[in-house]
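One structure follows; several queries about it will come next.
Think of it as A, B, C, D, E and F in the order they're written, each chain with its own count starting at 1.
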Amino acid sequence: KDLQTFIENEQQKAKFQANVHSLTDLCWTKCITGKISSTTIDRSEESCLVNCVNRFIDSQKAIVGQLDVMGGRT
Amino acid sequence: MSTIAQQSNIENARTLIEKINEKCFEKCIPKPGGSLSSGESTCLTTCMQKYMQAWNVVSQAYITRIKSDPRGN
Amino acid sequence: KDLQTFIENEQQKAKFQANVHSLTDLCWTKCITGKISSTTIDRSEESCLVNCVNRFIDSQKAIVGQLDVMGGRT
Amino acid sequence: MSTIAQQSNIENARTLIEKINEKCFEKCIPKPGGSLSSGESTCLTTCMQKYMQAWNVVSQAYITRIKSDPRGN
Amino acid sequence: MSTIAQQSNIENARTLIEKINEKCFEKCIPKPGGSLSSGESTCLTTCMQKYMQAWNVVSQAYITRIKSDPRGN
Amino acid sequence: KDLQTFIENEQQKAKFQANVHSLTDLCWTKCITGKISSTTIDRSEESCLVNCVNRFIDSQKAIVGQLDVMGGRT
């Protein structure tokens, strides 16, 4: 691996980690709404988190797709 | 030099997409389910168009204000 | 146009765009409060958005002016 | 070198103004009308003075804490 | 080169700590008193473990999604 | 003082100021909850602000400490 590849990998890793942090922030607020009593995440919280990630990406794709349809007039 | 200008436009579009997704996900998908329902999809499209209109109204109002009052910001 | 001017213009454009993004974010939250049903912004929403931009700038100017009066002791 | 120090102070004042405007616009102008009412103007001035006091209280508390507990942050 | 990778890990841990503190302070300490009560301390530990679990669930879901749909983000 | 020291000092100062800004933001939201009527902060607001700063730092230390106990597996 040369330096160029190494740097690109690191940048991609940083972007991935930043996305995970902001998705966790958003989905925590949406899915973990009650009082903190148990140290573990229950079934319904877990499926909410997984759905939250997937619907957020769906939503992003829908918006980008719609922008393309509109001819990119931003 | 046009590369810098292009990057600036890309950055602008990227921020707009991020903001739309943030606001419209919040409004249209309060409880994320196993897939996007058709109601949620419709809401996202509607919300997106509305957000872009709001963005245009704000841009215009801001430009008008800056022109009438150059030292104002 | 030389390079210096070009760069300054681009910086100013970037700042303008960033301001529009944050004003739209703020004023959307303040003015578009109901359910999303129509694709168009109605009269009262539009005037709320325009007023929001202008009052936000008024407010900023009032604060900066007041700071000057206070002798800039920040 | 004093230029860097000055820039840092300008940056600090700029952030303070941004924060005051963000918080006080929210508190004082819940529904933006066609002009700033005198009640809104008074509220902004009052809010600004209060925010700067809060900023001073927080600074002092933070300095005190750091001094008593240097590894603490 | 390992220094850059290390910095990236440090940055990642730092952000995680910041996010945990932001979310758990909000949930566990609604009214800050003169010291951390034992209830607040317990809540912080519990909340932290829960946040890290949520972070793992989100990471896994995001990785799964990216793999099934490489152009999807 | 040489340049290196000067730059480090400035960086530390910038970090301190950024912390004060974000603590003031957070603690203002937590402690100044009523309508704005007086220009001065009252006793209970002041002690709330001071406690907010200290408990926030306590909370941060508790989290970092706990992470250490867990063997730093982040």
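One rule holds in what follows: a contact is a pair of C-beta atoms (placed from the backbone, for glycine too) under 8 Å apart; a residue touches a chain by one contact, two chains touch by 3 or more.
Since we're looking at a predicted model, the values are computed, not measured.
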Moving only from a chain to one it touches, give the least number of moves from chain A to chain D.
3
Any idea whether A-E or A-B has more C-beta pairs in contact?
A-E
Rounding to the nearest 5 degrees, give the angle of the rotation that lays the CA atoms of chain C over those of chain F.
120
Out of B-C, A-B or C-D, find the interface that copies A-E, where copy means more than half of the contact pairs are identical.
B-C
Cα centre of chain C to Cα centre of chain E, whole Å, reads 32
Could you grab the centroid distance between chain D and chain F? Build each centroid from C-alpha atoms only and quote it in angstrom.
14
With centres defined as the mean C-alpha position, give me the chain A-chain C separation in Å.
28
Name the residues of chain E that each touch 2 or more other chains.
12, 16, 24, 28, 45
Set of chain F residues in contact with two or more other chains:
52, 54, 60
Record each chain of the ring in the order reached, setting off from chain A and passing chain E first.
A, E, F, D, C, B
Enumerate the contact residues on chain F facing chain E in the complex.
26, 30, 48, 51-52, 54-56, 58-60, 62-64, 66-67, 74
Residue numbers of chain B touching chain A in their complex, please.
12-13, 16-17, 20-21, 24-25, 28-36, 40-41, 44-45, 48, 52
Help me check something: in the complex, which residues belonging to chain F touch chain D?
3, 6-7, 10, 13-14, 16-21, 23-25, 27-29, 31-32, 35-41, 45-46, 49-50, 52-54, 57, 60-61
Show me the residue ranges of chain B that touch chain C in the complex, using the header's touch definition.
1, 4-5, 8, 11-12, 15-16, 19, 23-24, 27-28, 43, 45-47, 49-51, 53-55, 57-59, 61-62, 65, 69, 72-73
